[in-house]
Amino acid sequence: MITLNVNGQEVRVEPGTKVIEACKQVGEVVPHFCYHPGLSVAGNCRMCMVEIEERGRTRVDVACVAVASEGMVVKTESEGVEDARRGVMEFLLLNHPIDCPYCDCAGECKLQDYYMEWGDTDAGSRRMTLPVRKPKRQEIGPNVMLDSERCVMCTRCVRFCEEVTGTNELGMRERGSHNVLHLEEGKTLDNPYAGNVVDICPVGALTDRDFRFNRRVWFLKKQDSICPGCSRGCNTEIHFDLKREYKRHEESKRVHRLKPRYNEQVNGWWMCDEGRYGYHGIDRDRLTWPMLRSGDTLGPADWDLAMEAVSSELAHFVKHPESLGVMLHPDMSNEALCAAGVFFGDTLRAGYMDYGFEGEPYGEDDELLKKADRHPNRKGAELLGLHRGSQPKGQMLNALREGNLRALVVFRWDLPSLLGEETEQLLSQLRYLLVLDTHNRQWPGKALHVLPTAVYAEQAGSFTNFEGRVQAFGKAFEPTGEARDEVEILVELSRRMNLKGGVLGGNNIQQRLKDRLPGYGEIQAPGRSVIHVSKEAAPR
Amino acid sequence: MNPLLQHSLIATAKIGVILLGFIMIVATLLTWAERKQSAVFQHRIGANRADIFGFRVLGLFNIIADGIKSFTKEDWVPPFGSPILHNLAPFIGLFGAMVSFAVIPFGPPIEIMGQTITMQVVDLNIGLLYIVAFGSMGVYSVVIAGWASNNKYALFGALRGISQMISYEVVLGLSLIGVILVTGSVRLPEIIAWQGDYWLNGWIPRWGIFAQPLAFLLFFPAAIAETKRTPFDVPEGESEIIGYNLEYSGLKFGLFLLGEFIEIVVLSAFVSVLFFGGWHLPWLTDEGIRMGTLLAIDLPEIVVWLMRVLGFSAKIIFFCLLQLQIRWTLPRFRFDHLLRLGWKEMMPLALLNIFVTAIVVYYIG
Amino acid sequence: MATRFVNIENKLPASTALYYPAIAGGLSVTIGHFLKNMLYHTIGLFGNKGAREKASFTLQYPEVMRPLPRRLRTRHRIKVHEDGRPKCTACMLCETACPDFCIYITPSEHDDSPEEKAPLEFQIDLDRCCFCGFCVEACPKDAIHMDTQIMETSSDRRENMVLRLQDLVDPGPVVVSGPEFAGKDMHKVLPHLGMRKLDHIKPRRIDLSYRERQATEQGS
Amino acid sequence: MKKAVRGHAPDADALKERDQDLLQLLQSLLGDEIQSHRHGMDMLELVIRPESASSVSRLLRDSEGLEFDYLMDQTAVDWLGRREIRFEVVYHFYSTKHNRYLRCLAPVPESRPEVSSLYELYKAADWYEREIHEMYGIRFAGHHDMRKLLMYDGFKGYPLRKDYSMKGRQPLIGPGSRQES
Amino acid sequence: MSHDTLTPAEDLRVPSQGGEHKAMTLNVGPSHPTTHGIVRLLMQVEGEEIIDCDLEIGYLHRGFEKMCENHPWNQCVVYVDRLNYVSPIINDVGYHGAVERLLGVEVPERGQWVRMLVSELMRVCDHQTCLGATCMELGAMTAFLYLIKGREILWEILERLCGARVTTSYSRIGGLTDDLYPDFEAQVRQAIADCRDINAQVDKLMTGNRIFIDRTKGIGILDRATSISYGFTGPMARAAGIQVDVRHTTPYLVYDKVDFEIPQCSNGDCYDRYLVRFFEMEQSLRIIEQCFEKMPKSGPVSVEDYTITPPPKERVYSRIEELMAHFKHYMWGHMIAPPAGSVYHAVEGGNGELGFYLVSTGEERPWKVRCRPPCFGITQAMRDMVVGHTLADVVPIFGSINMIGGELDR
């Protein structure tokens, strides 16, 4: 370990640490464009100038390249430094278009931030030449839009494509003022992690076509969350905006984008495009009312009626629970799974319960983040021991085929896709089919009651990823329409049915979770609040 | 022709000409004048929006519009009050004011077709007392209106109104006694006739104002107090208690206003008769203009008559406008100050006036 | 330089013992005004406009309008480029700066214009608006202005109080109360504007709204 | 970048010096009643105990050398989530004789929101305290009349507390919806 | 009669028949010609004499503090404007003065002079309105209209200056929205002459008028000690002989650079309050004249700091630097977040000391915005002033209070 001095504070760092990282340790954020801790050092923006005194010599140097050495004295603010930064800012802004009004980056743009701190007002009046014009609005990939005029040539995106994905779609060409980011011949920026270049672009040169012009960033609220796209459990931030202060604009759209959140152990700084754009389901095609069947049609009903109907139907199986099957879903949070396990398994003593089924689709692993298991919480269900019944794991539907099931409770599963053509025939033998789902689907004709449930953004809870890491996510907003949290529904059901095994409550679920899930006790703060494995947002 | 019928016809014609043809028109015009006059000295233009085929005629059509409005507005009778009395009150006031005109002489008698026609509806020998008596009818209107509305504010208005009017009737009556003493009559034509004479060799007309200046200064405010207009509008006091007519709307409210304006005209006529020589114009005798020995112009009889009638009308209108001017200039009295003024300041002065006048008349006249 | 407290001499003069002097004084003031104004009115009757204006401080609204100052904040409008596109680029700064949340912009991507972003809908809820002018201050594109000089913005329906993009782009008879016609008799001004009656002073609608035009362009 | 010269506020040291005599006097007169003091950017601040607000202000008003005859302003601050003691009643005193202001802060815990009333000392405190009571739910011991002042009688909750939602809605009142007791 | 017997449920009941009710309860307001700020007076009257009175306020309460707490510092100006709707700019100046003190920013000298100038214009408006309303309620409509004409002249100038007559929003944190317009001085000088003329005429109409004197002299007397106890400031206090005036005691802006007198009386009755206001108008006009002589003829009116005031518009349209500063200014609540702390800053409003107590937590929204409304204590003293007087005296007393519902109820 070596010791250096940053703005009068002693810092101890590993040998080989860059000065910029050493400064960060004492909370001195050195302005920078090109430096990114997840990428190699380029040192081409020259913004991170600091004054370094080393072996009696003082120099102004680039903090992302300079390596900390013993006894080094670093000053992040000095006349020379400010002068250098002012010069860099002027240089960067020389050709910058007057685009803030329609640049999506305004509000999170580093140029804006740094200008307010280190820019020079009078710089513009010294301009001699007309700005260089470059191509604007280039669709360089299915998800990314490039505006070359706004680019500050930090090459973060180039390095990302080179070092992280290895796809090498982007490159720089020309020189001087005409230096321009371009797509390599014959390629498009369509790798499965392409969305990350938008995150790391410090200015508005690369914008997200999905998010583009939807909402200004300063309106967005943030909530830490976990990506439910696969069992990796990438840490994310949900950027949402419920409505403008008094009037809803787009009634249906609440989440506007997802951003990766830095977690060294899980996802680093990145996330895949599949997860990034997977948020659309939160607001699209949601089930908003409890539905009760009368005759051939399902009609909306209020919760009180629906709960009464469900509890009276379930009451028939209290005496003969062995013919009751429960299909849990690995998209459900630990809490919901546990509550279902306690209620259906321990209290109601259902004959069959499982959380995975043959015939469910699997994706493919890739070398970076994506896992084949496209559900975030299969490991949690496994750890909670939610498999019951005579059939082996994943084979519960055989009980249905064998005719052992008289009633089925289905969480989120799309039965026709699991059962295929025999759906109607298999289900016809059931006496009762209860579906708890988040989205509108084609429910089989047998479904008697359908209850709307909340998705992950609408509830606080936790997922256990493939390696057994429990990660909590927070509630961003209230469930849509009349949908409710599964835990809430189950607690209410158990209260209404008032079975011998006791009423389900927050406490016994928590206790069970703590017992079964290693690490749950540490991450779960009281009152079902959010916890984070890491709080640090991904640096841009 | 049957003398009785003839008499009735003449009386009816007089009523028609004098009451409807003059008084009502003047009173209605006063509603216009009040707005326009106040507008002029308040740097405004005043009501002028009502038009007929685009002609606005200085806002005169607003009178018609007002009439239509007050006729068509909802006539609301408070269910918590006394409906009969509530309906009765405005008519009493209007009646008292209109009837007073019966004895006002609008000009010297004129001979038409051999008949001497007096220019008053009826020549009562107690004309002056008659006016005072009917003028005080107004108090019933106020008190009944206030009481029948069963509203605290209206009640306050009524209480204030009754005490104010009774108090000032005393001053009014006492200040008139001076005039009666000087002229020696309570019959209005005689009072006017007395004022036709001159002092100082025909230079100063022997008008009541010169004979009884103090009486005028007491009579005029007391009379304004009788009409309940600013600065004596405490029964109304629109920023304090809104007034006895609080629960009135539409036509009946309009009648209160009309009654008030008619009272103004009555008062102006009365002041002209008592203190400003009635239909006498200075230096205009029956034969023509006579200014002492300086000027003598002979005029035909009918011209003199016309000049006198018009002169009298001009005096009435002048006093009407003066009252309006006062109304828009001064702030309102406080109720107890008003009574104090009436009883403690004006009444002693009025008594003093009677006393002095009596002595002077006894020794000189 | 000093400030100091000074006692007001408020002993009442002897004249206030009587009512009559002050009443006479007051009457003289009002009669003075009366006579002066009456004189002006009379001269005004013969057609002298200056005298008529002197006679009365009030104006015959709506036939005669007061000269409205340049800075006066009146109904909003959105400026347009020469080709009819609104200058607004839906940057949302006005919406952010609005203390009343009365501006609602729906942005859209716009391929043809150099700005690439344009408002699909721009609504201002005049029911909410407090006419503070923050939106004008906040606009970085010189697009929104509050200089239409339209003050008559009342309606008996809430939905009529919401200005839409086409109302803002074309705010109607801007010039009627403009400074060049200030103080003039409206009936004389109107023919110059191609209008005949006052009833016509309502926001005009343009035939083809920007939005529709945009739709047709995209369709073709 | 043009930046204004900040720090134009009155020199902190000068203020401190100006208020030094006052502070000494206050300390000698009030002693332990002063829990702490601070030289604010505008005037001296004292932190007092809520139950002794009345006795302190009596001393402030009547002591020679202080003569804080005006209760210029009285209000409360809700420090929800920011401070341990949730409420703080703020008094601004003014002395005409010495032309100086003094701010007293009385931290009031949520568990026992009660302050002694200044009503007997300053008539102005009557409405100030009524307002604070209805807006923050802080009681004033010794106040004769704690009716609501600005809000109507049926209003539920304390609108200026930070946990009262900006969009909080109350049931309609008025003819037809009023419940006669 | 104690206050407890005046609970609203009971007071409107008609006295029962045959009961021994000597006193009558009279409910004045909230919608009554006298109560021009919407207030309700519950009076116990015996005949015309008031034996007890209770005030009910809050009819104009709109949650000023709550709204300010939920808006960025600079946007609060629209709510501050509406506190005292007769002299809105004084409110702006007071609020912004307080924020600037929190920020530690000083407005350029010309800006201070302009603020003082318009404040004094507003004071004249305020007094003209107050006196006019008093006269009108006493029945003298003409005096009211003359005074309102004077106010109208001033308001037209303010309209040219600020773009609105009442909801001016003229002041901003760090300065003003705009400088004076070119012929401002000539117009104001003309307006001063007009106002003096009008004041002289109203003086002739009202001041020596025996009826007016009867109505106001000796009415609504509140002695010095009680006035102080009620926290009287401004003309009401000075009419009672209390020497308070923020412009004198703690000069803000550039009040220490002008020469003016502060009129005071000793009786503390309505007539004295009338006189004090009357003489103050003249002094305000004097200050305005001095402003024209002493203020810098040119120079900035706002601080030129992009972190406090937005950059000039013409640069925003054409240059990226200012455009970015502009965006930063407006995106996050005008970028103004004073350091944590609290400040009490008072200005002399039309009615007296208008204080703003601001608490900042260093965020872009104020934690607390407290306005000390000058007429709060004064209106509170209404009971002490009217009891023992007659019903008609409520009018001049209420007029002299100059109750402004906007700042009273907030």
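Read from first to last, the chains carry the letters A, B, C, D and E; within each, the first residue is number 1.
In this text, contacts are C-beta pairs under 8 Å (C-beta built on N, C-alpha and C of every residue); 3 or more make two chains touch, one makes a residue touch a chain.
Keep in mind it's a predicted model, so treat the numbers as computed, not measured.
Counted as hops between touching chains, the shortest connection from chain B to chain C is 1. Any chain that touches chain B and also touches chain E is listed here: C. The most distant chain from chain D is B, comparing centres defined as mean Cα coordinates. With centres taken as mean CA coordinates, the chain nearest to the overall protein centre is E.
Once the centre of each chain is set as its mean CA position, chain A and chain B turn out to be 91 Å apart. Separating the centre of chain A from that of chain C, both taken as means of CA atoms, is a distance of 50 Å. Centre-to-centre separation of chain C and chain E, using mean CA positions: 26 Å.
The centroid of the Cα atoms in chain A and the matching centroid in chain E are 54 Å apart. For chain A, the set of residues that touch two or more other chains comprises 100-101, 106, 115-116, 119-121, 216, 218.
Those residues of chain C in touch with two or more other chains are numbered 19, 23, 26, 29-30, 57, 93, 96, 140-141.
Shown for chain B are the residues that touch two or more other chains, namely 41-44, 328-330. Interface residues of chain C, counted against chain E in their complex, comprise 1-8, 10, 12-13, 15-19, 21-23, 25-26, 29-30, 57, 66, 69-73, 93, 96-97, 99-100, 130-134, 137-138, 140-142, 146.
Across the interface of their complex, chain E is touched by residues 93, 96-101, 106-107, 109, 111-113, 115-116, 119-121, 123-124, 216, 218 of chain A. For chain D in complex with chain E, the touching residues are 1-9, 40-43, 69-73, 75, 77-78, 82, 90, 92, 96, 99, 101, 103, 121-124, 126-128, 135, 144-145, 148-153, 159-160, 162, 164, 166, 180-181.
Those residues of chain E that touch chain A in the shared complex are 306-307, 311, 315, 317-328, 331-332.
Taken together, the chain B residues at the contact with chain E in this complex read 38, 41-44, 152-153, 156, 230-231, 233-234, 237-242, 328-337.
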